[in-house]
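Residue numbering begins at 1 within each chain, and the chains themselves are lettered A, B, C and D in the order written.
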(Lines give C-alpha, C1' and ligand atoms only; values in the text may rest on other atoms or scores of the structure.)
Protein backbone atom coordinates (compact mmCIF):
# COMPACT_ATOMS: atom_id res chain seq x y z
CA UNK A 1 0.00 0.00 0.00
CA UNK A 2 1.53 3.27 -1.16
CA UNK A 3 1.33 6.29 1.12
CA UNK A 4 1.88 10.00 0.96
CA UNK A 5 2.90 11.10 4.44
CA UNK A 6 4.07 14.17 6.28
CA UNK A 7 6.12 14.04 9.44
CA UNK A 8 7.22 16.66 11.93
CA UNK A 9 9.33 15.55 14.83
CA UNK A 10 9.88 17.44 18.10
CA UNK A 11 12.69 16.22 20.37
CA UNK A 12 11.91 17.27 23.97
CA UNK A 13 14.46 17.98 26.66
CA UNK A 14 17.34 19.03 24.40
CA UNK A 15 16.95 22.80 24.20
CA UNK A 16 15.44 24.99 21.51
CA UNK A 17 17.50 24.12 18.45
CA UNK A 18 15.99 21.09 16.79
CA UNK A 19 17.40 21.24 13.26
CA UNK A 20 20.20 18.70 13.76
CA UNK A 21 17.65 16.09 14.84
CA UNK A 22 15.47 16.83 11.83
CA UNK A 23 18.56 16.56 9.61
CA UNK A 24 19.41 13.14 11.10
CA UNK A 25 15.92 11.90 10.21
CA UNK A 26 16.18 13.32 6.69
CA UNK A 27 19.31 11.25 6.18
CA UNK A 28 17.51 8.15 7.46
CA UNK A 29 14.62 8.72 5.04
CA UNK A 30 16.99 9.16 2.11
CA UNK A 31 19.05 6.10 3.04
CA UNK A 32 15.78 4.15 3.06
CA UNK A 33 15.26 5.16 -0.56
CA UNK A 34 12.16 7.19 0.25
CA UNK A 35 11.29 10.26 -1.75
CA UNK A 36 11.09 13.30 0.51
CA UNK A 37 10.47 17.05 0.37
CA UNK A 38 11.59 19.09 3.35
CA UNK A 39 9.43 22.12 4.23
CA UNK A 40 9.35 24.66 7.04
CA UNK A 41 7.14 22.56 9.37
CA UNK A 42 8.01 18.98 8.49
CA UNK A 43 8.83 16.65 5.63
CA UNK A 44 6.67 15.07 2.93
CA UNK A 45 7.46 11.39 2.38
CA UNK A 46 6.28 9.02 -0.29
CA UNK A 47 6.71 5.25 -0.38
CA UNK A 48 5.32 1.91 0.69
CA UNK A 49 3.53 1.90 4.08
CA UNK A 50 5.95 -0.48 5.79
CA UNK A 51 9.06 1.28 4.47
CA UNK A 52 7.82 4.70 5.55
CA UNK A 53 6.88 3.64 9.08
CA UNK A 54 10.05 1.57 9.57
CA UNK A 55 12.06 4.69 8.67
CA UNK A 56 10.03 6.84 11.08
CA UNK A 57 10.77 4.31 13.82
CA UNK A 58 14.49 4.48 13.06
CA UNK A 59 14.24 8.27 13.20
CA UNK A 60 12.78 8.09 16.74
CA UNK A 61 15.52 5.66 17.77
CA UNK A 62 18.25 7.88 16.29
CA UNK A 63 16.95 11.01 18.02
CA UNK A 64 16.89 9.18 21.35
CA UNK A 65 20.48 7.99 20.72
CA UNK A 66 21.48 11.62 20.03
CA UNK A 67 20.37 12.39 23.59
CA UNK A 68 16.70 13.35 23.49
CA UNK A 69 14.88 11.65 26.39
CA UNK A 70 11.52 12.32 24.81
CA UNK A 71 10.23 12.69 21.24
CA UNK A 72 6.77 13.77 20.07
CA UNK A 73 6.00 13.38 16.38
CA UNK A 74 3.04 14.30 14.21
CA UNK A 75 2.44 12.11 11.19
CA UNK A 76 -0.20 12.69 8.55
CA UNK A 77 -0.68 9.70 6.25
CA UNK A 78 -2.89 9.40 3.21
CA UNK A 79 -3.77 6.29 1.23
CA UNK A 80 -6.07 5.97 -1.74
CA UNK A 81 -7.38 3.12 -3.84
CA UNK A 82 -8.78 5.19 -6.72
CA UNK A 83 -5.44 6.26 -8.18
CA UNK A 84 -1.86 7.05 -7.26
CA UNK A 85 -0.61 10.61 -6.94
CA UNK A 86 3.01 11.61 -6.42
CA UNK A 87 4.14 14.44 -4.14
CA UNK A 88 4.67 16.70 -7.16
CA UNK A 89 1.32 15.83 -8.73
CA UNK A 90 -0.47 16.78 -5.52
CA UNK A 91 1.13 20.23 -5.53
CA UNK A 92 0.51 20.72 -9.26
CA UNK A 93 -3.13 19.71 -8.84
CA UNK A 94 -3.72 22.58 -6.38
CA UNK A 95 -1.68 25.08 -8.39
CA UNK A 96 -3.64 24.37 -11.57
CA UNK A 97 -6.87 25.20 -9.70
CA UNK A 98 -5.40 28.51 -8.52
CA UNK A 99 -5.07 29.71 -12.10
CA UNK A 100 -8.78 29.26 -12.74
CA UNK B 1 9.89 0.62 22.12
CA UNK B 2 6.70 1.60 23.91
CA UNK B 3 4.59 4.42 22.49
CA UNK B 4 1.72 6.60 23.53
CA UNK B 5 -0.11 7.56 20.35
CA UNK B 6 -3.20 9.38 19.23
CA UNK B 7 -4.95 8.71 15.95
CA UNK B 8 -7.76 10.43 14.10
CA UNK B 9 -8.85 8.98 10.82
CA UNK B 10 -10.85 10.76 8.10
CA UNK B 11 -12.32 8.59 5.33
CA UNK B 12 -12.81 10.75 2.20
CA UNK B 13 -15.44 10.24 -0.45
CA UNK B 14 -18.04 8.45 1.69
CA UNK B 15 -20.26 11.29 2.88
CA UNK B 16 -20.33 13.16 6.17
CA UNK B 17 -20.96 10.41 8.70
CA UNK B 18 -17.66 8.87 9.69
CA UNK B 19 -18.45 7.15 12.97
CA UNK B 20 -18.88 3.63 11.57
CA UNK B 21 -15.35 3.79 10.12
CA UNK B 22 -13.94 5.00 13.43
CA UNK B 23 -15.82 2.18 15.19
CA UNK B 24 -14.30 -0.39 12.82
CA UNK B 25 -10.82 0.86 13.70
CA UNK B 26 -11.61 0.79 17.43
CA UNK B 27 -12.47 -2.89 17.07
CA UNK B 28 -9.20 -3.54 15.24
CA UNK B 29 -7.20 -1.81 18.00
CA UNK B 30 -8.97 -3.82 20.70
CA UNK B 31 -8.52 -7.10 18.83
CA UNK B 32 -4.81 -6.27 18.64
CA UNK B 33 -4.74 -6.13 22.44
CA UNK B 34 -3.91 -2.43 22.47
CA UNK B 35 -5.12 -0.20 25.27
CA UNK B 36 -7.23 2.62 23.87
CA UNK B 37 -9.27 5.63 25.01
CA UNK B 38 -11.77 7.05 22.55
CA UNK B 39 -12.28 10.82 22.69
CA UNK B 40 -14.20 13.37 20.63
CA UNK B 41 -11.41 13.97 18.07
CA UNK B 42 -9.57 10.65 17.94
CA UNK B 43 -8.31 7.76 20.01
CA UNK B 44 -5.40 7.43 22.43
CA UNK B 45 -3.47 4.19 21.94
CA UNK B 46 -0.74 2.66 24.04
CA UNK B 47 1.48 -0.30 23.13
CA UNK B 48 4.62 -1.43 21.39
CA UNK B 49 5.62 0.62 18.31
CA UNK B 50 5.26 -2.25 15.83
CA UNK B 51 1.91 -3.43 17.24
CA UNK B 52 0.44 0.07 17.18
CA UNK B 53 1.48 0.85 13.61
CA UNK B 54 0.49 -2.60 12.31
CA UNK B 55 -2.99 -1.98 13.75
CA UNK B 56 -3.18 1.47 12.17
CA UNK B 57 -2.30 -0.10 8.82
CA UNK B 58 -5.08 -2.68 9.24
CA UNK B 59 -7.43 0.18 10.08
CA UNK B 60 -6.61 1.91 6.77
CA UNK B 61 -7.10 -1.34 4.88
CA UNK B 62 -10.43 -1.98 6.62
CA UNK B 63 -11.74 1.51 5.86
CA UNK B 64 -10.82 1.10 2.19
CA UNK B 65 -12.59 -2.29 2.15
CA UNK B 66 -15.68 -0.59 3.63
CA UNK B 67 -15.74 1.58 0.49
CA UNK B 68 -13.67 4.68 1.21
CA UNK B 69 -11.48 5.45 -1.83
CA UNK B 70 -9.29 7.77 0.20
CA UNK B 71 -8.25 7.98 3.84
CA UNK B 72 -6.30 10.76 5.58
CA UNK B 73 -5.10 10.07 9.12
CA UNK B 74 -3.34 12.16 11.72
CA UNK B 75 -1.12 10.25 14.14
CA UNK B 76 0.69 11.77 17.10
CA UNK B 77 3.27 9.43 18.60
CA UNK B 78 5.40 9.94 21.67
CA UNK B 79 8.33 7.85 22.88
CA UNK B 80 10.55 8.42 25.88
CA UNK B 81 13.62 6.78 27.33
CA UNK B 82 13.54 8.44 30.76
CA UNK B 83 10.53 6.57 32.12
CA UNK B 84 7.27 4.97 31.08
CA UNK B 85 3.94 6.70 31.55
CA UNK B 86 0.54 5.11 30.94
CA UNK B 87 -2.41 6.91 29.34
CA UNK B 88 -4.01 7.36 32.77
CA UNK B 89 -0.82 8.61 34.38
CA UNK B 90 -0.45 11.29 31.72
CA UNK B 91 -3.94 12.62 32.44
CA UNK B 92 -3.44 12.43 36.22
CA UNK B 93 -0.13 14.29 35.93
CA UNK B 94 -1.85 17.29 34.34
CA UNK B 95 -4.83 17.18 36.70
CA UNK B 96 -2.59 17.20 39.77
CA UNK B 97 -0.95 20.41 38.50
CA UNK B 98 -4.38 22.04 38.07
CA UNK B 99 -5.05 21.71 41.79
CA UNK B 100 -1.95 23.70 42.69
CA UNK C 1 -19.33 29.37 13.83
CA UNK C 2 -19.16 26.55 16.38
CA UNK C 3 -16.10 24.31 16.42
CA UNK C 4 -15.01 21.05 17.94
CA UNK C 5 -11.26 21.26 18.36
CA UNK C 6 -8.39 19.30 19.81
CA UNK C 7 -5.16 20.86 20.96
CA UNK C 8 -1.84 19.45 22.08
CA UNK C 9 0.86 21.87 23.10
CA UNK C 10 4.59 21.14 23.33
CA UNK C 11 6.74 23.73 25.13
CA UNK C 12 10.34 23.45 23.83
CA UNK C 13 13.47 24.27 25.78
CA UNK C 14 12.09 23.65 29.28
CA UNK C 15 13.02 20.03 29.95
CA UNK C 16 10.96 16.86 29.68
CA UNK C 17 8.13 17.52 32.11
CA UNK C 18 5.38 19.39 30.31
CA UNK C 19 2.34 18.79 32.50
CA UNK C 20 2.42 22.11 34.37
CA UNK C 21 2.25 23.98 31.05
CA UNK C 22 -0.66 21.86 29.90
CA UNK C 23 -2.38 22.50 33.25
CA UNK C 24 -1.92 26.27 32.82
CA UNK C 25 -3.66 26.08 29.44
CA UNK C 26 -6.48 23.96 30.86
CA UNK C 27 -7.13 26.72 33.39
CA UNK C 28 -7.18 29.32 30.61
CA UNK C 29 -9.69 27.27 28.61
CA UNK C 30 -11.96 26.85 31.62
CA UNK C 31 -11.74 30.53 32.56
CA UNK C 32 -12.81 31.30 28.99
CA UNK C 33 -15.97 29.28 29.60
CA UNK C 34 -15.03 26.67 27.03
CA UNK C 35 -16.08 23.07 27.45
CA UNK C 36 -13.02 20.81 27.52
CA UNK C 37 -12.07 17.14 27.92
CA UNK C 38 -8.48 16.38 28.82
CA UNK C 39 -7.03 13.18 27.35
CA UNK C 40 -3.61 11.55 27.27
CA UNK C 41 -2.41 13.37 24.11
CA UNK C 42 -4.24 16.69 24.22
CA UNK C 43 -7.52 18.34 25.06
CA UNK C 44 -10.86 18.42 23.26
CA UNK C 45 -12.40 21.89 23.20
CA UNK C 46 -15.84 23.01 22.10
CA UNK C 47 -17.03 26.58 21.57
CA UNK C 48 -17.29 29.47 19.16
CA UNK C 49 -14.40 29.79 16.68
CA UNK C 50 -13.17 33.16 17.96
CA UNK C 51 -13.40 32.18 21.63
CA UNK C 52 -11.48 28.94 21.08
CA UNK C 53 -8.65 30.52 19.11
CA UNK C 54 -8.37 33.53 21.44
CA UNK C 55 -7.93 31.07 24.33
CA UNK C 56 -5.29 29.09 22.42
CA UNK C 57 -3.40 32.35 21.82
CA UNK C 58 -3.52 33.16 25.53
CA UNK C 59 -2.25 29.64 26.23
CA UNK C 60 0.80 30.26 24.00
CA UNK C 61 1.42 33.61 25.71
CA UNK C 62 1.11 32.05 29.17
CA UNK C 63 3.53 29.22 28.34
CA UNK C 64 6.08 31.74 27.06
CA UNK C 65 5.64 33.78 30.26
CA UNK C 66 6.28 30.60 32.28
CA UNK C 67 9.69 30.46 30.62
CA UNK C 68 9.36 28.41 27.45
CA UNK C 69 11.28 30.12 24.62
CA UNK C 70 9.51 28.05 21.99
CA UNK C 71 6.09 26.41 21.72
CA UNK C 72 4.82 24.04 19.02
CA UNK C 73 1.13 23.21 19.06
CA UNK C 74 -1.04 20.88 17.03
CA UNK C 75 -4.66 21.92 16.61
CA UNK C 76 -7.35 19.89 14.91
CA UNK C 77 -10.50 21.87 14.23
CA UNK C 78 -13.78 20.68 12.79
CA UNK C 79 -16.75 22.76 11.62
CA UNK C 80 -19.98 21.58 10.07
CA UNK C 81 -23.04 23.21 8.61
CA UNK C 82 -25.29 20.16 8.50
CA UNK C 83 -25.85 19.85 12.23
CA UNK C 84 -24.21 20.48 15.59
CA UNK C 85 -22.61 17.69 17.61
CA UNK C 86 -21.28 18.04 21.14
CA UNK C 87 -18.08 16.38 22.38
CA UNK C 88 -20.12 13.73 24.17
CA UNK C 89 -22.36 13.06 21.18
CA UNK C 90 -19.32 12.45 18.98
CA UNK C 91 -18.01 9.80 21.37
CA UNK C 92 -21.46 8.20 21.79
CA UNK C 93 -21.92 8.08 18.01
CA UNK C 94 -18.80 5.91 17.62
CA UNK C 95 -19.60 3.75 20.64
CA UNK C 96 -23.10 2.97 19.36
CA UNK C 97 -21.57 1.66 16.11
CA UNK C 98 -19.20 -0.61 18.07
CA UNK C 99 -22.14 -2.50 19.54
CA UNK C 100 -23.46 -3.44 16.10
CA UNK D 1 3.08 37.56 18.12
CA UNK D 2 4.60 36.13 14.94
CA UNK D 3 3.84 32.52 14.01
CA UNK D 4 5.08 29.89 11.64
CA UNK D 5 2.13 27.63 10.92
CA UNK D 6 1.18 24.71 8.74
CA UNK D 7 -2.35 23.92 7.69
CA UNK D 8 -3.98 21.01 5.94
CA UNK D 9 -7.67 21.15 5.30
CA UNK D 10 -9.95 18.21 4.52
CA UNK D 11 -13.45 19.02 3.23
CA UNK D 12 -15.77 16.09 4.05
CA UNK D 13 -18.83 15.06 2.08
CA UNK D 14 -17.75 16.42 -1.32
CA UNK D 15 -16.08 13.44 -2.93
CA UNK D 16 -12.42 12.54 -3.31
CA UNK D 17 -11.01 15.51 -5.19
CA UNK D 18 -10.07 18.20 -2.71
CA UNK D 19 -7.63 20.37 -4.68
CA UNK D 20 -10.11 23.10 -5.64
CA UNK D 21 -10.90 23.69 -1.96
CA UNK D 22 -7.21 23.86 -1.10
CA UNK D 23 -6.71 26.31 -3.99
CA UNK D 24 -9.52 28.53 -2.66
CA UNK D 25 -7.79 28.70 0.72
CA UNK D 26 -4.42 29.46 -0.91
CA UNK D 27 -6.04 32.46 -2.58
CA UNK D 28 -7.47 33.61 0.75
CA UNK D 29 -4.05 33.36 2.42
CA UNK D 30 -2.40 35.34 -0.38
CA UNK D 31 -5.13 38.01 -0.37
CA UNK D 32 -4.50 38.36 3.37
CA UNK D 33 -0.88 39.22 2.58
CA UNK D 34 0.43 36.10 4.30
CA UNK D 35 3.57 34.41 3.10
CA UNK D 36 2.82 30.81 2.15
CA UNK D 37 4.54 27.72 0.74
CA UNK D 38 2.31 25.01 -0.66
CA UNK D 39 3.54 21.42 -0.20
CA UNK D 40 2.11 17.98 -0.87
CA UNK D 41 0.31 17.65 2.50
CA UNK D 42 -0.57 21.22 3.40
CA UNK D 43 0.66 24.78 3.35
CA UNK D 44 3.26 26.62 5.44
CA UNK D 45 2.07 30.07 6.53
CA UNK D 46 3.96 32.86 8.22
CA UNK D 47 2.51 36.02 9.75
CA UNK D 48 0.99 37.60 12.81
CA UNK D 49 -1.10 35.26 15.00
CA UNK D 50 -4.39 37.11 14.50
CA UNK D 51 -3.93 37.52 10.73
CA UNK D 52 -3.10 33.83 10.25
CA UNK D 53 -6.06 32.55 12.27
CA UNK D 54 -8.51 35.04 10.75
CA UNK D 55 -7.46 33.76 7.31
CA UNK D 56 -7.90 30.14 8.39
CA UNK D 57 -11.40 31.00 9.61
CA UNK D 58 -12.23 32.58 6.24
CA UNK D 59 -10.89 29.44 4.56
CA UNK D 60 -13.33 27.27 6.56
CA UNK D 61 -16.19 29.63 5.70
CA UNK D 62 -15.26 29.61 2.00
CA UNK D 63 -15.07 25.81 1.85
CA UNK D 64 -18.51 25.54 3.47
CA UNK D 65 -19.87 28.07 0.94
CA UNK D 66 -18.41 25.92 -1.86
CA UNK D 67 -20.67 23.12 -0.64
CA UNK D 68 -18.73 21.12 1.94
CA UNK D 69 -21.02 20.33 4.89
CA UNK D 70 -18.07 19.40 7.08
CA UNK D 71 -14.43 20.47 7.25
CA UNK D 72 -11.63 18.99 9.38
CA UNK D 73 -8.37 20.88 9.50
CA UNK D 74 -5.00 20.20 11.08
CA UNK D 75 -3.00 23.26 12.10
CA UNK D 76 0.52 23.21 13.50
CA UNK D 77 1.57 26.53 14.97
CA UNK D 78 4.93 27.53 16.39
CA UNK D 79 5.84 30.66 18.33
CA UNK D 80 9.18 31.60 19.84
CA UNK D 81 10.46 34.43 21.97
CA UNK D 82 14.18 33.77 21.54
CA UNK D 83 14.44 34.86 17.91
CA UNK D 84 12.47 35.05 14.68
CA UNK D 85 12.94 32.55 11.89
CA UNK D 86 11.37 32.78 8.43
CA UNK D 87 10.01 29.81 6.50
CA UNK D 88 13.12 29.76 4.32
CA UNK D 89 15.50 30.04 7.27
CA UNK D 90 13.89 27.03 8.91
CA UNK D 91 14.47 24.89 5.81
CA UNK D 92 18.05 26.19 5.36
CA UNK D 93 18.82 25.45 9.00
CA UNK D 94 18.02 21.76 8.53
CA UNK D 95 19.78 21.54 5.15
CA UNK D 96 22.99 23.01 6.55
CA UNK D 97 23.04 20.26 9.19
CA UNK D 98 22.64 17.58 6.51
CA UNK D 99 25.93 18.58 4.94
CA UNK D 100 27.83 17.93 8.16
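In this text, contacts are C-beta pairs under 8 Å (C-beta built on N, C-alpha and C of every residue); 3 or more make two chains touch, one makes a residue touch a chain.
The model shown is predicted, which means the values in this text are computed figures rather than measured ones.
Enquirer: Is it true that over half of the residue numbers where chain A touches chain B are used by both copies, so same, or is it different?
Expert: Same, since over half the interface numbering is common to both chains.
Enquirer: Chain A to chain C: how many Å between their CA centres?
Expert: 25
Enquirer: Any idea how many Å lie between the Cα centroids of chain C and chain D?
Expert: 19
Enquirer: Roughly how far is chain A from chain D, centre to centre by C-alpha average, rounded to an integer in Å?
Expert: Centre-to-centre distance between chain A and chain D: 17 Å.
Enquirer: If a residue has to touch 2 or more other chains to count, which residues of chain B qualify?
Expert: Those would be 13, 16, 69-70, 72, 74, 76, 78, 80, 82.
Enquirer: Among line, ring, star, complete and other, which one matches the pattern of chain touches?
Expert: Chain contacts: complete, every pair touches.
Enquirer: Considering only the defined contacts, which chain A positions touch chain B in the complex?
Expert: 1, 13, 49-50, 53, 57, 60-61, 64, 69-82
Enquirer: Provide the residue numbers of chain D that touch chain B in the complex, in ascending order.
Expert: Per the stated touch rule, the residues are 10, 12-13, 15-16, 18, 69-70, 72, 74.
Enquirer: What residues of chain D sit close enough to touch chain A in their complex?
Expert: 4-6, 8, 16, 19-20, 22-24, 26-27, 37-42, 44, 46, 74, 76, 78, 80, 82, 87-88, 90-91, 93-98, 100
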